[in-house]
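Just passing along the structure, written as structure tokens.
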Amino acid sequence: MTLSVRINHGFPGFALDVAFDAPPGITALFGKSGSGKTSVVNAVAGLLRPDAGTIRVADRLLFDAERRICVPTHRRRLGYVFQEGRLFPHLTVRQNLCYGRWFAKGRAGSDPIDRIVELLGIGPLLDRQPGALSGGEKQRVAIGRALLSEPELLLMDEPLAALDSARKAEILPYIQRLRDETDTPILYVSHSVPEVARIATTVVALEAGRVLRSGPAQAVLADPDVAPALGIREAGALLSGIVREHAEDGVTALAFSGGTLYLPLQRDPVGADLRVRIEAKDVLLATEAPTGLSALNIFPARIEKLRQGDGPGVLVQLRIGTDLVLSRVTRRSANRMGLAVGQSCYAVLKTVSVAKQDIG
Amino acid sequence: MTLSVRINHGFPGFALDVAFDAPPGITALFGKSGSGKTSVVNAVAGLLRPDAGTIRVADRLLFDAERRICVPTHRRRLGYVFQEGRLFPHLTVRQNLCYGRWFAKGRAGSDPIDRIVELLGIGPLLDRQPGALSGGEKQRVAIGRALLSEPELLLMDEPLAALDSARKAEILPYIQRLRDETDTPILYVSHSVPEVARIATTVVALEAGRVLRSGPAQAVLADPDVAPALGIREAGALLSGIVREHAEDGVTALAFSGGTLYLPLQRDPVGADLRVRIEAKDVLLATEAPTGLSALNIFPARIEKLRQGDGPGVLVQLRIGTDLVLSRVTRRSANRMGLAVGQSCYAVLKTVSVAKQDIG
Amino acid sequence: MTDWLGPEAWAAVALSLQVSFWATLLSLPLGIFVAYALSRWNFPGRQLLNGLVHLPLILPPVVTGYLLLLAFGRRGPVGSFLEETFGFVLAFRWTGAALAAAVMAFPLMVRAIRLAIDAVDPKLEQAAATLGAPRAWVFATITLPLILPGILVGAILAFAKAMGEFGATITFVSNIPGQTQTVPSAIYAFLQVPGEESTALRLVLVSVAIAMAALLLSEVVSRAVARRIAGQ
Amino acid sequence: MTDWLGPEAWAAVALSLQVSFWATLLSLPLGIFVAYALSRWNFPGRQLLNGLVHLPLILPPVVTGYLLLLAFGRRGPVGSFLEETFGFVLAFRWTGAALAAAVMAFPLMVRAIRLAIDAVDPKLEQAAATLGAPRAWVFATITLPLILPGILVGAILAFAKAMGEFGATITFVSNIPGQTQTVPSAIYAFLQVPGEESTALRLVLVSVAIAMAALLLSEVVSRAVARRIAGQ
Amino acid sequence: RDVSVFAAASLKTALEEIAADWRDETGHAATLTFAASSTIARQVDQGAPADLVLLASADWMDWLAARDLLRAGSRVALLGNTLVLIGSQAAPPLDPAPGFPLAERLGDDFLAMALVSAVPVGIYGKAALTNLGVWDTVADHVAQTDNARTALALVASGEAPLGIVYASDAQAEPRVHVLGRFPAESHPTITYPAALTVEARPEAAAFLSFLQSPEAASVFRSHGFVIHD
């Protein structure tokens, strides 16, 4: 199922004009505060009626301004995690969680409530009212409520912003599983580049109500020209490989087009596909093969593209095997090392610098 | 002025029992969702009346359960950025911003409204109502409102969680300036370790309503034993130095006890004190001096402490000059290199891996 | 007790309770519906409906009673229709007193409930819709529980008004002891007779006591509900 | 126009407007205060005050009028005090009619405002307090503007009730043409005379028109305010 | 079913006494419903279950007759009454006579009367004052009430120093004093007409006869009413 959005809407002082397709998997809506992310999500949910355009999921037309079609929200079969929780104050946490299940009857069965309660760590809260929850607890309940309604389209507006990193690390794999095991399109709003890079299949970057760039995550993230839009300091590319071995000393070996990448221990079984985000700032360049270094991952590479911004850094696109990786070095280093397109060199990548949250 | 908090409070199913001192500067309240951070802040604000204990700022007693003293909120002279905004819906953004100024008359003059409006990027929103703002815009207005009330005590509950990293990077220095130029104690709740590490003078880690550890940020963050509490993957120590030079190619040289550290260009004038957070995962170890490496920062170091957790990594505390730095290497590397306490080695630190947001 | 008040007065008390109870209970669903329509829907004639609902408040009660008599009397168009079709008579029966009380109390009930509905955050209803709940279900599970305190207030206002309603009732269904003589009519009758003020006073005390008890109960219940909603 | 209605009836319309306007305006501050106290404060006697406020709703209007007469008449304790101290007379004056209307309308006004206050999120008031605003200021700048629609509703309910109030008014201040003869008294008088229904009907139409206009105005204003609060 | 009597409110005490006597004598009971004459008339027009109506106003009885709601020939002028001037204190008597100094006695105070254009006792009172040539001098100082009882209460409580009510009302209120009686010729004859409705059952006629019996007459007289012969 693909979600396809083409809409125009005018607020006083702000115009929304976006068109993008969200294929199965997670489509990350990315953009600065006030760029129109929530407005897009609201339009998809039927809470905002755009001035013009169409919205469809697979062959279901949800909205068509010209033909005056506007499927009411409750028949759009979606789950929405709002930016501000919106729990029902008069119901207990348990009742909030179960609210959508009633209408989901008959749709493809999803996870039992217990599993999601455990995942979100809200077991002890089940009999409380939302008024007696902390900010993060509220948000976790809101996530659970949306997931339990067994949606055919999931909208998540900064669902993890209020959560600590440990909790985030627990919830993200679940969302990834949702992405991989169902063909539910997920529209995911986030400010966090690592989060987006980790889970997004597709990235839609918004700026002032318009689509700046959109496309498959791997392609968009490995392009040094896109990096500034995402925040240059968070640039990084994605490598895919196959899990080869889990060593006893806590290192996982991943086979990819350029050789073997050593990572901190992963849970995925041997043979599984794995996607790893390599942050540009974690990739060092060496002109000669380094020795006696704590880094396990040293690969011969070729410089494909150099991008010099206004800042002190240079963004280097490297080809390792058939994969693309970004490296960010200072201008001084680049000059001293005489980096140029086509040149061969070594890419040094510390194992531990592949952060847990960047693997998925 | 020092804020001193010793309180006990029982919610059904949750007990709060904390005691800590917050000296001038920023005290970061750190802990998982539901650990009691907001409750502590509410108690300081006078919105929650603890069952027992005292709260004082310098010589002002704000609360004393035994002596039945409870200064009403509006006389506590504080600014509070709430986790959920709480803008006044019937007032415009401008009126919201100015609400507290009326009562601040006569207190030490602070920044003019224009400056803060510009800093927060809310100029175009001034005549709107909060109902027509995006999530991040609301939060920015809430920050401005608290700052403009010229508080003698500033409470910020996850003020930046809803903001994109570019905006965060703009606002953080302002909060740091507030920290450095006034003696206003700032109680700052955050889930983000880099954020906390960057700006906190003091760190108070909460777990399930109790204080797990508290103390000066530099000491707490450089202790490998504290790292797990903060989330091991986010461990990192703080280096202080003096700005020596801004080179033309965009590199700033910082003099510290161990030599000269090269950083991406900083704005601070030559001679200024600067604090840099070095993430453990960004510090490589080498047994012999590396050559031909893109890294500019290579320092001789001595291993002071080794900490092996349950995971695949080892946390190494290094002394460079008189400063302490953390490095995280895999167990495999540690074994291969034969790391041991007292051993000499080289610490390799990429210039760009000192993320902008970790400098302050 | 019977001695203290006299059988006629007791009958009036019993009748007033019966009349007020049914007037409140039966008009409640309509009251909620009208309040919801006025608060949430935009339809032609909204202002007209709004005006109509408030009419009994604006008109002197005698006029309302007179209009009721003209419409629902046995010779009136509605009254004769009801009698012929369903054999249901309002005029000069306690049912008519209940109708008069309900009509007079209706504006108070509707306004109270409407204020409560206005205060419900539509965002919560939207959230329920995203979870698949159809409108009626959203109303029943979200809106209705949230406005429960308002409904209680509306009901108790209506009940109190019904206990005190005089002008419209006596004009519409007269003052027939045991059938349409409510407490206010009885008080009126006693006040017409010099020397009977003390009986009138006793009746006043009884009806005040009843209404106060109902008021107190509604207060307690609505506070409890509100506390529950706020999360204890 | 004067012909159509007759000068006496016109005088009644003018007087009713005057009485209802002042009754509403002057009782508004007290109404807001009492509503706030009942909603937000816990003090001994809260329930008593609550009951007292509702009394005029529960009592037959004649009784209320009679009690007013006993208290505020020239021989009554309050009435004689007011007259001796301030030279202010209520009995048989339009001011007394305004008092009667205000008292009868008070429960409606208070309940409407109270419902609005109950709906204000205390978290906003807390936020104002953290910004240094003392309680009274918080009330004036946060609570009051947020309950404005509720106040409007309360005021319009009170005004409408005042326009229709008959029983208590005529009992307390009688019916002195040009001084205390309000529209409802005039209507009542016309209805007592066989064949005068048409004059009564005209007066009814005039008072309905006035009240409807006020209602419509309040509706428009309160919607505008609500929309403003919601951020247009 | 009992005989249903709709009667003007001011007859309450007397009628209740007579109905009790009637029941003792015949075993038949009467249900007594009291309201304003205008209300009763309109309700009978709308099918009120009344067998016998007893009004304080001939006009409303005429109104009913014009609508063919009364049994032909059953109408009787059952009772009469007299108008009195009452005062709140044991004030010196003031006999209503042509040009009597009512205005002087009132000063700034008010004269309590029932509605002078609507309620029978008020209408009679205004006619009498007009006849005696003093209406214009006091017109601005008349506090009109919706019924005679309230006028009585105003005088009794001292709010109004003087008032005009029926003798039957004045008699029942110990706190007022009759200062003088209006001459019968100063106003139209006061009558309380009674009549059977077209739907009246036989017992109603019996009760109407009983109302005209000497026994009933003495009860009426004891409450201050006048019996026409």
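When the chains are written out, they are named A, B, C, D and E in that same order, and each has its own residue count from 1.
Convention: a residue touches a chain if its C-beta (ideal position, glycine included) is under 8 Å from a C-beta of that chain, and two chains touch if they have at least 3 such contacts.
Because the structure is predicted, anything quoted here is derived from the model rather than measured.
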Interchain contact steps from chain A to chain E (minimum; 1 if touching): 2
Chain E and chain B - chains in contact with each: D
Chain of greatest Cα-centre distance to chain D: A
Chain located farthest away, centre of chain B as origin (C-alpha): E
Chain centre separation in whole Å, for chain E relative to chain C (CA means): 35
Centroid distance [mean C-alpha coordinates] between chain C and chain B, Å: 60
Chain C and chain D: spacing of chain centres that average the CA atoms, whole Å: 20
Overlap residues in chain D, where contacts from two or more other chains coincide: 62, 66, 188, 191, 232
Junction residues of chain B, two or more chains touched: 12, 128, 132-133
Chains touching one another, given as label pairs in label order: A-B, A-C, B-D, C-D, C-E, D-E
Of all residues in chain D, those that touch chain E in their complex: 62, 66, 69-70, 73-75, 91-92, 170-171, 173-176, 180-181, 185, 188-195
Partner chain C, residues of chain E touching it in the complex: 4, 6, 9-10, 12-13, 31-35, 39-40, 42-43, 45-49, 147, 149, 152, 169, 172-173
Chain A partner contacts - residues on chain C that touch it in the complex: 123-124, 126-135, 138, 141-142, 145-146, 228-232
Chain A partner contacts - residues on chain B that touch it in the complex: 11-13, 31-34, 37-39, 83-84, 124, 128, 132-137, 140, 157-158, 161-167, 191-193, 231, 233-234, 247, 249-251, 262, 264-265, 281-282, 284-288, 290-296, 311-313, 328-333, 335, 337, 348, 350-353, 355-357
Sites on chain E touched by chain D in the complex: 36-38, 41, 59-60, 62-63, 110, 112, 115, 117-119, 140, 142-146, 150, 153-154, 157-159
